[in-house]
Amino acid sequence: MTTATARTGVDARKILSENGALGGLVVLVVALSILAPTFLSTQNLINVGVQAAVVAVLAFGSTFVIVSGGIDLSVGSVAALSAMVGAWSSAEAGLPGPVALLLGLATGVAAGLINGAMVSFGRLPAFIATLAMLSIARGLTLVVSQGTPLATPDVVTFLGSNLVPQVPLPLLIMLVFFGITGFVLSRTYAGRSMYAIGGNEEAARLSGIDVRRQKLVIYALSGLFAAVAGMLLAGRLASAGPQAAVGYELDAIAAVVIGGASLSGGVGRAFGTLVGALVLAVLRNGLNQLQVSPFWQQVVIGVVIALAVLLDTLRRRSR
Amino acid sequence: MNLTRRAALAALSVTTLALTAACGSGASSSGGGADISVGLALSTLNNPYFVELKQGAEEAAAELGVKLTVVDAQNDATNQVNQVQTFTTQGVKAIIINPVDSKQAGPAAKAAENASIPLIAVDRTVDDGKVASEVTSDNVQGGSLAAIELGRATSGGVVHLQGIPGASATRDRGFGFEQGLNSGAIKVVASQPADFDRAKGLDVTTNLLQSNPDLKGVFADNDEMALGAIKALGDRAGKDVHVVGFDGTPDGIKAVEDGTMAATIAQQPKVLGRQAVEQAVKAAKGETVQQVVSVEVKVVTKKNVAEFKK
Amino acid sequence: MAELLRAEGITKRFTGALALDGVDFAVNSGEVHVLLGENGAGKSTLVKVLAGVYRPDSGSVRVADGVNLAVIYQELTLVPELSVAENLFLGRPPRRFGVVDRARMLRDAVGLLARVGLRVDPATPVKELGIAQQQMVEIARALDLNAGVLVLDEPTAVLTDTETDRLLEIMAEIRDQGVGLVFITHHLDEIRRIADRVTVLRDGRSVGVLPAGSSVEQMIELMVGRAISEQYPRRSQEPGDVLLKVDSLTRDGRFTDVSFEVRAGEVVGIAGLVGAGRTEVVRAAFGVDHYDSGHVEVAGRRLPGGDVRAAMRAGLGLVPEDRKGQGLVLTSSVGENLGLVTLRSATRAGIVDRKRQRRHADEMATALRVKTSGLDQEVRELSGGNQQKVVIGKWLLADPRVLVLDEPTRGVDVGAKVEIYELINRMTAAGRAVLLVSSDLPEVIGMSDRIVVMAHGRVAGELPARGTTQDEVMALAVQEFSA
């Protein structure tokens, strides 16, 4: 987080005023530092980063979709399927690890392209198309795995481990994908089209943007990011599970929305999404450390999501 | 319009094909005269444990020459009631139910009773309803055995990784675990949910290690979470922190063999499935059935792990 | 004539900006009091203060006893799925024994609709009505709520000429019933026809109250703060080669056998009644909608049908009729919107040259005198005229050979209108061409070189703009074709 601030060279007050969720994150960190003495240690903060990584990468992919006015409910299932295809290719089909990894990533892209085709050429509402994919991808995961977890190839396991002691690779990958997301959104044709399509699809079309093709790109990117997240998740466990990442799509959407994006499209930023994913991870970490009753944890998480978004809405309205 | 209709037809035919394929793999029919048909309503197939249970049931059905139809409720209790009701109209002679939740299986039992079809509960009991036979392994006893085993392996502070809050396995295993605690010198310093999920087991253990760095042991309500905990512990697993899981899945057994897991409480899902089918066939033929079939839970440690490898 | 409402010394400030500065305003029974001013002059704010939506920072609003105030906003507040009668009595339907008395509701509705001269079946769903009829339903509802003061916020902006005539008649009738009307419009001829008093606002201040019968020049001068010499400053020149050729374009059921040409340096106007197929033709020519036969050529090259990007590459541009629905990305900034059309050409290997985009946007915003706090301001915060300049600006940046402007000055104030006309002049002077679709007859006649008149999806005739009267254009526009 600090690295990002330093890199963009914008002063802290401006970032805080532009991003309501960051204020929420700061409040949360301060509160937990006071309540849980072990919270504010370097090691624990690194842990939070690692724990945020999978949801963050999923959420970066979802940011593209949400900014363009769509929704992708399939990312959790696609993450599991991609990881499972990777693990199966190596463990059962005996392919070399890197090939297996690429096959897994290709699976994610393919699922995304199918989503994109259903939305742009099939004219299906994104909610329905990706809901179908949620079910299809989860089912295929079970078919491929026959219901049992499979060991991941070494290259995937490496992705989930430490590069050197104290420097976990998932954390680095999350930051790299944060950079990629920011770059795509602000600097590329695809990214700028996402804002135009999400803000006003008809105006984008009349301005010469090939909306249907861009939607293919958008959902393919979401699928690719889901596949990367799936690899990270499996890598951390050295195992791809058939029930991995169930419900993660909702965490991803929550992260994007906490980060200030609008579900009606046209608004959203990579930095906001990163903050959103960190809010969720900090919260879960803190709740464990405070040993809050399991029954109350879900209540607290829901309340914090609502508060974070409310804070952002109020800030916008007062402007 | 025309195009839409054609697309819809195509989609429909694909769906039909998929359904046919799914049915083909779901139901294993016997070679001989399959005049007896048995329905098996599983809580989920999203878990290797239940996949094994299904395999055991299918093997028994093949040997006994009965037709077995398997359905999966995807952990949705309402769904399961519907599936059991469907069975009653399909002319099955006995229904085996693996309840999603013991406390919510009453309506399913009622449906079977109304149709005068004998009902056999497997793995979990039906709290409120009439069953011909209960084939279970004792989760409470398993929890106690886990506590005893953990007390043998280590002493000091341990954490308890709980399953999905409110699920019956979480309740029973947790209850048994607490009862077994007095036998050793271990003390629970934290109990947190990790939803039976390996990734969450990893994250929650990592977080608990922050506030409890001198942890001595972990008990997880299933092997998946235990394996996550082992990942979180890294080199410490099996050396100064001892982990006990539950279920005896292949990955769990392998961890015991490798020494990273001190023990797991093996249920024998295949035996559960087999016994359930045997009881179901007896009931279908009108023979006397055993009201309670207790399938042994076994403590798997490095000493006896060879017996459990498949 | 009793005074129904009086506002004195109204001052309203929004985060530093002074929106209203000591404005006095009064409405009498039985008068039409026009509120005139450029976009951003404070008309909407004043209406919202009168309606009690905003609380003024200082000053007071006094309403006579028993007088209700109703506002008909531009965005109508009817429920499209419900019937006319249900909308009229929304939230307060006549009941009998606790059940909605449908028969009585329909009976009451007929009487109410007669007051505004609307003859439709009250059981018709509102979505099946035209926009003008929907306005009448809103007015009828306001009258039934005993509105003593009725505020109409630019009601004629979305109406055709005949519809406008009808509305003005109804307004006169309502006035004669003793209601006080506040009327906001940019059409000065309408003001001359109906106003009893005109209050002119400029930069949040009331700069004068004009009596009925004031001249158009007087009104413009007060409103803009300077005299505008010409309302339609068209400077024609010798036309060059044919840049756009539309040949026998036909879309079944929409338009038939439409042919015309636009030459370099020319402004060709397309006139016609609403529903004559003007917008449909230019959308098809630009590749937004498909067509069944005929073809379109730009500078001698034939365009494939239904391909916006091909039309753009050939040098065609379209500023659509519906500014907010099709022209602007409201969630994005002024700069982003200005760069939208040139996004593709500013991209190398997938990466946009944002510095160049920004520089060009900045130059364009300055050249068009877009009133904005900067390129990063959200475009939704701009006034209508400035928003339209942004839509035109994004096309000017792509430097199209032929720019199609569909109703470019609808809802745009006088000052900005003239600026848009100057842009048209500059384009044609540079050898480009403009196709101007407009329902505003004086505008089509004043700014075009030639006028193509459409009726019932066909070209009814072509007229030179110079010396043509509105009546001549209308005569063609209402022409009937024997099928």
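Here the chain labels run A, B and C in written order, and each chain numbers its own residues starting at 1.
We adopt the following convention: a residue touches a chain if its C-beta (ideal position, glycine included) is under 8 Å from a C-beta of that chain, and two chains touch if they have at least 3 such contacts.
None of the values given here were measured: they were computed from a predicted structure.
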Could you tell me which chains are in contact with chain A and with chain B alike? none
Taking each chain's centre as the mean of its C-alpha atoms, which one ends up farthest from the centre of chain A? C
Please indicate the chain closest to the centre of the assembly, with centres calculated from CA atoms only. A
Chain A to chain B, mean C-alpha position gap in Å, rounds to 31
Go ahead and note the Å separation of the Cα centroids belonging to chain A and chain C. 43
Return the distance between the CA-based centres of chain B and chain C, expressed in whole Å. 67
Chain C, residues touching no fewer than two other chains: none
Chain C to chain A touching residues, read off their complex: 15, 286, 288, 308-309, 312, 318, 320, 325-332, 336, 339-341, 343-344, 347, 350-352, 354, 394
State the interface residues of chain B toward chain A in the complex, per the touch definition above. 7, 45-48, 50-51, 162, 165-166, 190-193, 197-199, 202-204, 206-208, 210-211, 224, 227-228, 231, 249-251
Okay, in this complex, where on chain A does chain B touch? 36, 38-39, 41, 43-44, 47, 50-51, 54, 122, 142, 146-149, 233, 236-239, 241-246, 284-285, 288-289, 291, 294-295, 297-298
In the complex with chain C, residue positions of chain A that touch it: 186-190, 192-193, 195-196, 198-200, 202-210, 262, 265-267, 319
